[in-house]
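In the two complexes below, subunit A is the common chain; its partner is subunit B in one and subunit C in the other.
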Partner chain A sequence: MTGWVEAIIKIIEWPPLWQLVVLGLIAPLAVVIYILWFERKTAARVQRRIGPYHVSPRIAGGLQLLADLIRYSFQEVIIPKTVDKAAFISAPLIALILSILPVVAIPFTDVPKWFPLPMDYSLILALALVTLSPLFIIVAGWASNNKFAIIGGMREAYLIVSYEIIAILSFLAATAMTGTYNLVDIVHAQTGWKWFIVLNPLAFFTAFVGVLLSTSGFPFEIAESEHEVVAGAFTEYSGLMYGINMGAAYLKRMIYSLLLTVVFLGGWYPLKPGEGFIWGYLAPSIVIFIKATILMMIFSFFRAVYGRYRLDQAIEIAWKILFPLTVIAFGLGLLEAYYGII
Partner chain B sequence: MPPRPVEKHVHPRGIFSRFKGNLEAIAIGVKYFFDPKRSTLIYPKEYIKLREGYRGFIVLVKNKCISCSSCARICPAAAMKMVKVPVTDPKTGKQRIKKFPVINYNRCIFCGYCVDVCPTEALYHVPYHDIVYESMEEAVTDLESFQKEPEYKTAKEGLPVRYIVDEVKGLVKIRVKKEGGEKK
Partner chain C sequence: MSGIVRGTVGFNDLKLPGAWTRKIGKDLYEVFIGPQHPGSGHMRIIIRVDGDIIVEAEPDMGYVHRTMEKLSEVRTWIKSIPLFERMAIHDACNVTLPYVRAVEKLLGIEAPERAKYLRVLLCEINRIAAFLYGFGIFGVFLGHSTMYMWPFGDREVWVELAEWLTGARLTHTYPVFGGVRRDVPAGFTDALRKAIRYMRRRLEDYRKIFVDNPVIRSRLEGVGYIPRNLAIELGITGPNLRASGVKYDVRMNHPYEVYDQLDFEIPVFQEGDAYARVLQRVEEIKQSLRILEQVADWLDKHERSPILHDRFWKTAPPLYKKVFQEQGRAKLMAVYAILKVPKGKAYERGETARGEISYYVESDGKNTPYRVRIHSASARNALVYKYILPGHRVMDLPAIYGSIDYFPPEADR
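Showing the complex of A and B:
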């Protein structure tokens, strides 16, 4: 009997599983539910409303999201006759899986025992995996066979072309500064409050805006712009499938926030990973999650402030302003490495 | 001649003025986040206390009515109707028929013409309008119920508030006392 329990604990503690299921799915999902509540509350606060309230007045409407979740789960999933069924059903699922997959390349500790993968090229791997999921949004739009969905998918394609290079290059500025693709080494280079957000704020800024662009957060919520293309590529989806689509975008933003935390916000510092499961793995990952949640809160705060850019404006911003800034940030990183500030 | 389309030129702003504009917008957002000026009315728990003179529900003072039918005639929604009631003449003591108005709140648009036109001020408004009837029949008053002020359930359960326009803050919700005066 005890053998079984031990075996199950071993399986759960197996880093790839633990990292993918607990740190990649369950914890981000909890954060995302909190963030959705926070987003609605903040937008309401700034716009002089109250937001969710009557569901549970004592905890400021906190149960509203749970109610929404239940509603989404029990709604009928309608699959129109005109869609390409296989692609229609599989696209959001693959997008969901791909948007949480990069978490296997993000280190939550520096104890090699708890790495799910060898960390030597983890930054490149994480960035490569992150850039896969938007393709399936285009697939979803194409499979829906609906003009709004196709326009939404096309907008997404335009945006991918614009933001990808910005996001990747500004993350790679960290590589320029440290000369390594190893995320653990990048975190180690940030000891003693030498966080890269302080050393290279420009790269953090461009990465931040790149993430906003890529996860269609305000003010770049263009591919799903409600007034113009209903729900963009997700127009034909209903019920749980729509929930998955929306959830995938938020999960992706969460994963990006984790990556931003590790690369620019000093990872698990000020905590130093110690011995054992609790201090070596759990505590550092909690620190990283707290930092990432604060980032997520800043992301969702923009919903309260901004309207929405037009597609051409967003692309213009990406190419005319952000791209040069990214190159400058990359150069700044190289300079700092040359003069040995890192 | 229809207007010709004119090509508009918007001068592109420089990078720094754009950054400045974004920062200002975010600063305003942060300001409101830490000092929210909410003005939502949490309705059943709060209600707007309206001032005297508001065109709410209408009450008849039967003694003042001279049965002129002006109110029924002017009503644009045909909500006011006259009903015949047998009365005893106080002078001669004879039985005769007199007409009094009754109102159908299914039709009334609360325009207040009937109150304004009444030559003897036999009709008046109460300053509230949020009353729910369970059926359409209930919303048609008879002579008895038309003479009583309808029960204002919201006031029993909720807190009275009032909206004022502040010079600095804009629309502001303030608490008021149930009876009369204002309190901050």
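Showing the complex of A and C:
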């Protein structure tokens, strides 16, 4: 009997499974569900409403999102006759997979035994994987054969060109500071509260706004803004497919938050990974997830405060303000490395 | 149909009855905004875009046409009041008042002074509620969900006041020929003053979160600019006209009821863009609050007196008069049901929240109108889309649509 339990624990502990399924899918999904509830609840608080309540009033409507999820799962998925079927169905699924895939390159511990991949070029790998998923949103818009979907897809395309370079460059400022692409080394460089958010706040700011831009958070909720393009590239989707599309954006934001945590917020510090599964892997993961969740909460609070920018304004902000700031942040990182502050 | 679906190759070759095609410019993309689009009301704007720039725009109205003018010809005079209210239910008193006044003109009567003050009271309450309604819609068009919820919540204050005064939240049917239906209940003016104080405080909150919000400002400044001469040429009206620098308000230029005895200003902005229209509405709410304060003072100073013209009041049974003295309620007399209006033509206008509304009423001496012609503010304002949308980006459409505060049921009648 004990043999079975040990075997199951071994399988769960197996880094690819733990990292991909538990840390990559289940935990972000749980966080996303919590964040959606939090977003609705804070917005309601600001707007002097109650927010989700009727499903499970005792825990302040906490199960509302699960109820929504169940409803989405049982809703009929309508596939219009005019769409390109193969692309229409596959695009959101690929986008979902690609938006959680970068988690394989994010270290949740510094014990090499628990790495799913060698971590030598993990930062560049994570950034490369993160930037893939929006392409499939464009594909989804194009395959839908709907004017609003195509406009939404094109908006996404416009936004990609403006945020991608900002997001990548501001994350790479950490590389400029430490001279390595290894995320574990980047975390190690932040020991003793030398978090990169303190050393290079500019890079954190640009990365933060870049993430907002890329995951269509307010005030950059442009590609699927309801009052112009209905639901953007997802206009023709229904049921679970629509849920996947919406969830993918939040999962992507979660992955970005994890990356922000590792690069700028000191990763698993103040905790030091120790021996064994619990202290070596589980506890650091929890620390990173808590930090990322706080970031997510900040992201979602903007919904209650801001409206949305116009597309051209967002692109203008990205190129005229954020891009120079990013270059300055990168230079700041190089200077700090040169003078040995790191 | 033979399996060919709309939007695919071959559909346009089908010569179906009613299926018509037309050429649009090369490289233009035609998008139908509405009538079932989250960014439009019950109307359609056909836009043709070149890239992200709108090249042509055609407002297509009439989706909620309810034949009100024709229906009024088969209803007795009093029954047309609840009918016309349906044009803009949250602005019911303003919308029906000119009709009531036109019929009063034909009857040759005038409401007693107290009734006039009460009409102004409800008019301004309605005006504020309608502005808040417009703000809410505008906020959500710009993606600002807080500005959607706040004005809709604060509108409740005014709707409740109106309910306390008239018995109905929205379709009050308050002004009737020769007066109004009810007097103010006890303690009403205190609640009114409290609401005024509350609203002033809330306007400050709106300023902080919406009007001075950098994102909102960058969305609205310079967008949807209506030049002064275009505004006059198109005959647009209301706050939109005044935000373009024309000082015209029916309450001031052609005073009705007791507006000439009240102290208020007509705010005017010169910029003419969407942001000026927002500021214009905020200022108008402030002026309405000022008017309400004065009305509350007047009502406090004056004793309860008949609120209907003597012609109707003298037919009231003693019980009606007793109930009125005690509770302020006046039941409509039977004479309203069989009212016959003398032959003649009358024209009246009034200022609703969205602009000037005018009624032409013709009577041939029967118990129904011969003809009622309504020219509502939204119908006049809707034209402006055709002229100011081209040149803007697609994302400006909700900003401009919301800033005009267009209300389809009022335009379609």
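The rule we apply is simple: the second predicted complex is superposed on the first by the 331 of 342 C-alpha atoms of A that agree within 3 Å, B and C clash if a C-alpha of one lies under 4 Å from a C-alpha of the other, contacts with A are read in each partner's own complex, and residues count from 1 in each chain.
By definition in this document, a contact is a pair of C-beta atoms (placed from the backbone, for glycine too) under 8 Å apart; a residue touches a chain by one contact, two chains touch by 3 or more.
As the structure is a prediction and not an experimental result, all values here were calculated from the model.
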Simultaneous placement of subunit C and subunit B on subunit A, clash or fit: clash
Touching partner for A:Ile151 - first (subunit B), second (subunit C), both, neither: second
Partner with the higher number of touched subunit A residues, subunit C or subunit B: C
Partner chain(s) touched by A:Thr82 [first = subunit B, second = subunit C, both, neither]: second
Which superposed partner A:Glu13 touches (first subunit B, second subunit C, both, neither): neither
Which of subunit B and subunit C A:Leu311 touches, first, second, both or neither: second
Partner chain(s) touched by A:Ser225 [first = subunit B, second = subunit C, both, neither]: second
Subunit C clash site on subunit B (candidates 27-35, 81-89, 117-125 or 153-161): 117-125
Set of subunit A residues, in rising order, touched by both subunit B and subunit C: 46-49, 304-306
Interfacial residue positions of subunit A with respect to subunit C in the complex: 43, 46-49, 81-82, 145, 147-148, 151, 218-219, 221-222, 225-230, 303-313
Complex contacts: residues of subunit C adjacent to subunit A: 5, 7-8, 29, 31, 37-39, 52, 139-150, 153, 209, 213, 215-216, 218-219, 393-398
Of all residues in subunit B, those that touch subunit A in their complex: 15, 18, 25-26, 28-29, 32-33, 36-40, 42
Of all residues in subunit A, those that touch subunit B in their complex: 42, 45-50, 53, 301-302, 304-306, 321
